[in-house]
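These notes concern the structure reproduced below.
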Amino acid sequence: MMNRKLRMGMVGGGSDAFIGAIHRLAAFMDGQIELVCGCFSINPEISLSSGKSYYLPGNRVYKTYQEMFENEVKLPEGDRMDFVTIVTPNFAHFGPAMMALENGFNVVIDKPITFTLDEALQLQAKLNETGLLLALTHTYSGYPAVKHAKQMVAEGQLGKIRKVFVEYPQGWLSSKLEDSGNAQASWRTDPKRSGKAGAMGDIGTHAHHLAEYITGLRTTSLCAELNVFVPGRLLDDDGAVLLRFDNGAKGVLIATQIAAGEENALKIRVYGDKGGLEWAQHEPNTLIAKWTSKPTEIYRVGTSMGTAAAANTRTPGGHPEGYLEAFANIYRNFSFTLRAKMNSEQPKPEWLDFPGVEDGIRGMQFIDAVVEAGYNDNVKWVPFK
Amino acid sequence: MMNRKLRMGMVGGGSDAFIGAIHRLAAFMDGQIELVCGCFSINPEISLSSGKSYYLPGNRVYKTYQEMFENEVKLPEGDRMDFVTIVTPNFAHFGPAMMALENGFNVVIDKPITFTLDEALQLQAKLNETGLLLALTHTYSGYPAVKHAKQMVAEGQLGKIRKVFVEYPQGWLSSKLEDSGNAQASWRTDPKRSGKAGAMGDIGTHAHHLAEYITGLRTTSLCAELNVFVPGRLLDDDGAVLLRFDNGAKGVLIATQIAAGEENALKIRVYGDKGGLEWAQHEPNTLIAKWTSKPTEIYRVGTSMGTAAAANTRTPGGHPEGYLEAFANIYRNFSFTLRAKMNSEQPKPEWLDFPGVEDGIRGMQFIDAVVEAGYNDNVKWVPFK
Amino acid sequence: MMNRKLRMGMVGGGSDAFIGAIHRLAAFMDGQIELVCGCFSINPEISLSSGKSYYLPGNRVYKTYQEMFENEVKLPEGDRMDFVTIVTPNFAHFGPAMMALENGFNVVIDKPITFTLDEALQLQAKLNETGLLLALTHTYSGYPAVKHAKQMVAEGQLGKIRKVFVEYPQGWLSSKLEDSGNAQASWRTDPKRSGKAGAMGDIGTHAHHLAEYITGLRTTSLCAELNVFVPGRLLDDDGAVLLRFDNGAKGVLIATQIAAGEENALKIRVYGDKGGLEWAQHEPNTLIAKWTSKPTEIYRVGTSMGTAAAANTRTPGGHPEGYLEAFANIYRNFSFTLRAKMNSEQPKPEWLDFPGVEDGIRGMQFIDAVVEAGYNDNVKWVPFK
Amino acid sequence: MMNRKLRMGMVGGGSDAFIGAIHRLAAFMDGQIELVCGCFSINPEISLSSGKSYYLPGNRVYKTYQEMFENEVKLPEGDRMDFVTIVTPNFAHFGPAMMALENGFNVVIDKPITFTLDEALQLQAKLNETGLLLALTHTYSGYPAVKHAKQMVAEGQLGKIRKVFVEYPQGWLSSKLEDSGNAQASWRTDPKRSGKAGAMGDIGTHAHHLAEYITGLRTTSLCAELNVFVPGRLLDDDGAVLLRFDNGAKGVLIATQIAAGEENALKIRVYGDKGGLEWAQHEPNTLIAKWTSKPTEIYRVGTSMGTAAAANTRTPGGHPEGYLEAFANIYRNFSFTLRAKMNSEQPKPEWLDFPGVEDGIRGMQFIDAVVEAGYNDNVKWVPFK
C-alpha cells in the first residue's frame, strides 16, 4: 500500500503564466499531491527561477521537457514523478503528452487536448496501448452542482431532454488586447499557437463539453456562424451554434469574447418534458430546478444535493466553494484513481468522474465542425465526424 | 380644448378572455380613457353579459363589430368612441381594424398586427390615406428600463453595437395543453387562427421587436431552425434564430414555449464595443450596464434613469412598476398623442413613443422569414423582404 | 342591484402631491371606481386646476373638505360620492375622516391613520356607531406574495413561529432634503404635520404592520433605539426595535431613512421551527420558502401560490405586478366589500382582506411605544398599550 | 534566505473533525506550508490513524500536545514545526496555545480565541513577551471583497459611517441536533466546552469582528436580547444586539442558529453619509456599492477591486473564489509575515492583514458584554470592558 502523496511534474506553468498556477493550487489543496519536478518555461532562466519559487531542488528543474522525461524515468519509483501536468499553449500539448506516455508517465493536460483532432486520436491510441491514465481539465464539469445536474438528468427527473441552452460570454477581448503585450491574449488569438478556432476553441469547447456532460447526449450535427469583430484579429472572437443531439434534442451554444463587460459568464440551461435546470458559473453553488407542476427549487452544494455532488464537496452548505475547488475535483478524482491503480485496487466509481481523452476528442471534433460551418453561408448543417 | 377622457370601444375581450382584461387595466389606470362601447365576443350573450359587468349601458354593447362601427359613427363626437381596441385572435384583427379606419376611428391592436404581411401593408396604406393613428401593443417596449436602454444605445454609451442576445423562454406549452380545453393554448397553436407561426409569432415577434427597438438596428437576414416538440402540434413550439443586422452586428434570438418550468422569461442583452446592457422582464425595474473599464452599474426605474424612462414612470424608485404599467405606457402615450391631434396641438416627442404599423410590418416580415428558414435544412440565410 | 362604478371623492391629492396620484391609479385600474369630486388642496386654485386635470366638472371641485361633505351629502345617491379617500399629511387625517363618517360616507385613508392614538380610537368608536367602512392603505399587505406568506403561516407550514426580521431601509433623507424645498421631506420631518415619529411613523409602521399581518401574532412589548443622524432634524430618521410577540416569538425591526443609496427596500423574513419565508418588496412577485429538510422553494405570483394570492392577482405568472397593483388590491377588496354592503349582500371572505381601523390603532400604539422606548437609555422594554 | 515550505503542526483536526480539515485545505493550497506533525485527537488511535491518512511519519504523530511540543522543540530548525495550528473546541484552546508560545512556536488558532477573556489577555502578554506571531482565523475577513469594503471605507468613499447592519442567520440548530450524536452540535451547545455563549460565541463573534474590521470602528456599548428557542438547550441559539460605535455610528447585529432553512448567511451592510456597501458571504465575490447620487455599482473580485482585494485574490474575475480561499488568505498572509520574520526581513504591509490576539480579545469582550446584557430585562446598555 503506497502511503505517500502522489508526485507531480509540470510542463509549462512558470511564474509568468496563468493556468499553471491554477493547476498547482488545485493539485495541492487536498494534500494528496506534491510537486517534485518541472520544466516550467521554454526560457531556462524562467524555468529555474520558477522551480526555486516552488521550493523545488535545482536538480529537478529542467530546461526542456525531453530532458525531464529522460531524467525522471531513471529515478526510482517513489522518487520520480508519478504523473505530469501539461499546461503549455495548445500547439505544445501533443509533444510532451506523447513523450510522457512513451516513458510510462500518466498525464494531466489542459484543454483543448491537442492542436488537431489527429493528434488527439494518436494520444488515444497510445493510452489504449499503455494503459496509462489521462485527465483533461474541463474545469466546469468539476463543479459539484454540475455533477448534481448530471445526476438529475440521468435519473430521469427532467423527463426526456428536449432543449439545451449553453452560453459562454466573456468580454476581455473586446479590444485588440493582443497588441498590448498581454501574453494570454497573444497566444490565444494566434492560429499558430491556439489552433484553427479562437473563442470557440478556448471557451466554446468548455460550453460544448458541459452540454454533453450534463445531458449525456452526443451532438450529431451543428449549424454555426463565426465572427471576427475586432479588426485585424485572425481567429473568431464570437460565434453562435445550433446543435442537434442524438436523441432529437436541440441546442443553442453561444461563445463570445467580445461581450464587453462580461467576465466568465458560463451558463447552461437544460429542459426536459418535466422540468428544467439552470446553472451559472458565477454563482456555482446553486442549481435551480424548474418544474411544470411544482415550485422552482434551489438545490445547494453541501445542503441538498445528491451523492455525485457530495463526493466532490469539501465544506458544509453556505461555505461557498469555487473555481479552484472545481479544478481540484479533477485532480482529486484523478489522483484517487491513479493511487488505486498503483495499489492494484479497484477505484470507486465516483473517482472515475474526470474528463479524459474521449472528451478531448469530442472537443476537437467540435472545433472541426464549428470552423467548417462557421464561415460558410451556404452550408447549413455540418455533421460531427 | 377637449376636457374629457378619451372614449374607447373594444372588439373582443369578453369576460372569458385573457388579453382584453389586460388592455382594460392598462387603459383605465391613468384616468385618461374610459370604455364606452364594445363587441366583446362572437357569442352575443357573452358580449352582453361582459358589457354589463364593465358597467356599460346595454345600447353600447354590440353583437358584431360591423354593427358597432355602423352605430357608433352616427353618434355625436364626444359621445361616440374615439378609438377602438382590437383584442381578438390574430386571424380576426384585419377585418375590424380596416373597418374602424374606414369609419374614421383610430385603432389600438394587439400583436401580431394581422394574419399576413399583405394585410399589414393594407392597413399601412389606409393609415397613410386617412391620417388616423394606430398603436400596436408590443408591451415590452413600454417598460421604462427598456426605454432607458434604447436611450443609452442612441447616445452611443455602448459604442458601436456588435451583438444582441434576446431570449424568450416559456414553458406553458410543454405538454399538449390545447387538448385540455385551454382557450389560450387552443387558438395560439391553431394555424387557422394564429397564423403560420406558433411560438415565433406569439413571442418571437416580441423578442424581435425588442431587439430592433432598443438597438435602432434593422435585421437584414436570418438563419433559423423551428421545432415542434409536442407530438401532434401543428405549429412551432420552439425555435432559434441567428440574426444579421444592417450595421454588421449579429444576434441570437431564442423563443420557446416548451422550456418546462419557465414563466415568461423575456431577456435581452446588447453589447457594443464599450459596454453591454442586460434587461430581464421578470425584474423589469433594473437595467444592468456592464463596462470594459469600470464597475457594472445598476440603473433603476424611478431613481437613476434618464428622460425617456422618466416620461414613462409613475412612482419613485423602489416602488416596482410592472407589466400592466408597461402596457399602460402604450395606452398613455397613444392617448396623449391622440388628444393632441384632436386638439390640433403638436404632440410632445416622448408621446410618440409607442409601436405602430411599421413595427407590425416588421413583425410580419420576421414571421415570413423565420418560417421560410426554419424548416429548410438547405437554405442557411433568408433575407428580410 | 347597483350596476355602476363606485363613486370616490378625495381630500388632498392635488397635482403637486405624491400619494394622491398613487391612490387614483390604484382606484381606477380595475374599472370599479370613478372619481366624482374632491378638495384636492388647501390652496383653492390648486384644488380647482387639479380637479380640471382629472376631468371633473367644476361644481364638484371644492375649496374645503367641509364644503365638500356639506354639498355632497345633499346630492342624490348614485350621484354623490360613495366614499372619500383622505390623502393629506398625517395631522390632517382626523378632521375629514370624522366629518365623512358623520355625514355617512365611507372612508379610505392613508397611514398612519391619525396624528394620535386617541384620534384613532375616536374613529373606531364612530365606525362602530355608524357601521360604515374604513380602509387603511398599508400597501405592502396588498401584495399577493405577502398574502401567500400569511396563508402559509396560517396553515402551519412553518410550524411554530419563532423569529421575525423585518427591515425597511431607505436613503432619501440621508441629507437635509427638507431644507431644499422638497415637499415630501418637508412635512414628513415636521413634528407638527407628521406626528411624534419620523422614520418610525412613516415606514416603521409599515414594517410593523407587515410583521403582524403575515404572522398573525401581536407585539406585546418592545425595546428600541431611535436616532437622528442628520443635524438639525427634529424627528427620528433611523431606528432599531426588538419585538416580543404574544406566542413567545421574537423580532427585530429596522427602519431607517439614512441608509444612503437604498430606495424602498422593505424586506421580511419569518422563521418557524419547520422552515422560513423571505419576501422583499423590490422583487415582489417572489416568495422564498426555506426548509429544514428539503430544497428551498421559489413561490411565484400567478404560478405557484394559493387562493389568497390568486384572489389578488390580475396576470399570469411572469407578468410582474407591482406596487400599484398591491395598492389597487386594497381598493378592489374595499370596493367589492362596499358594493356587497350597498347591495345588502354578504361579501366574500377574501374581499374583507384589507387593513382597517384596528390596524390603524396598532400602528399608533407602535408609534407610542417606540418613541417612549427609543430615546430612553434606562428603560429596556416598553409594553404595548 | 529560507528556501523551503513553512512547517505546520496541528492540535486537533483528526479525521472525525470538521474545522481541522478546513485548516489543512487552507494551509496547503498556496504551496507555502506543509504539515509535519500533529496531535490530532485526544483519542490516541484516532490521532495515529489521522496522521497516517495525512501521510505523516509515525514518529511525528503524537498522543498529547504536551508530548508534541516537548519533542518538536528538540528537533533541529528546518525539521521541527515552525508553527502550530490549534483547532480543538474552545475550552481546549488556551492550554496548547500557551505551551506553544512558551516553547517558541508561533500559533494559528481558531476563534473564539479562548474560553475566557482572561485567558486571551494572558496570551497577549505572552506574545508581547516572546515576540512570536499569532493568527486568529476570523475567516470572513479573509475574503477579498471584504478587504475592498474596508479599503473603500478607509478611503472615505462612504463619508462618515452612520449605520452598520450585520446578520448571521443559520438554521442547523433549529432542532435539538445535539441529542442525535452530531459532534459539532454537541460541543457547540455545551457550556463546558463552548463557553458562556452559544450562537453569539460561535457566529456572533464573526459578525462583530466583520463589523469592526470593515468600518475600523470600535463598539463602545451594546444592548442585547439572547434567546434559547430549542427546549432543553443550555446556551443561546438566537440573539439580537444593538451596537454603539466610538464615532457615534449605530449598529444592529443578528446571530441565530434557529433560522430554519438558512445555511451560513452572513451579510453586512455599512452606510455612511455618501453611500452604502453590501456584502453577503453566499455570493462572496460581489460587493455592492450604493450611492446617493449615482447608480449602484457592482464591484467584483478579480475585476474591479483595489489593491487590498488584489493582494488576496488568486484568479481573474469570473472565476469564483470561496470560503477556502478566504481561509487560505489568513494562512498565506500569516506565512508570508512569518517567513519574512524568519528571514529577518520587513513584511510587506499587506501581509500583516490577518486577525490576531487583539481581535481575539475584542471577541471575548463582545461575548462578555452580550451575555451580561442578553438575559437582563432591566439593563439596557452594557459597556465594553
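Read from first to last, the chains carry the letters A, B, C and D; within each, the first residue is number 1.
In this text, contacts are C-beta pairs under 8 Å (C-beta built on N, C-alpha and C of every residue); 3 or more make two chains touch, one makes a residue touch a chain.
Everything numeric in this text was worked out from a predicted model, so none of it was measured.
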Exercise. If every step must land on a chain the current one touches, say how few steps get you from chain A to chain C.
Key: 1
Quiz item: Given the two chain pairs B-D and A-B, which is bridged by the higher number of C-beta pairs in contact?
Solution: A-B
Quiz item: If you average the CA atoms of chain B and of chain C, how far apart do the two points sit, in angstrom?
Solution: 34
Quiz prompt | Inter-chain centre distance, chain A versus chain B - centres from mean C-alpha coordinates, in Å | solution = 44
Exercise. Would you kindly tell me how far, in whole Å, the mean C-alpha position of chain D lies from that of chain B?
Key: 55
Practice problem: Please set out, as single numbers or ranges, the residues of chain B touching at least two other chains. | Solution: 262, 289, 296, 300, 303
Quiz item: In the complex of these two chains, what residues of chain B are touching chain D?
Solution: 289, 294-300, 303-304
Self-check item: Residues on chain C engaged by chain D in the complex (per definition of touch)
Solution: 158-159, 162-163, 165, 167, 169, 171, 174-175, 223, 225, 227, 229, 238, 240, 242, 250, 252, 254, 256, 258-262, 269, 271-276, 289-292, 296, 376-381
Quiz item: Along chain B, where are the residues that touch chain C in the complex?
Solution: 3-5, 18, 21-22, 24-25, 28-31, 35, 52, 54-55, 170, 262-265, 281-285, 300, 302-303, 314-325
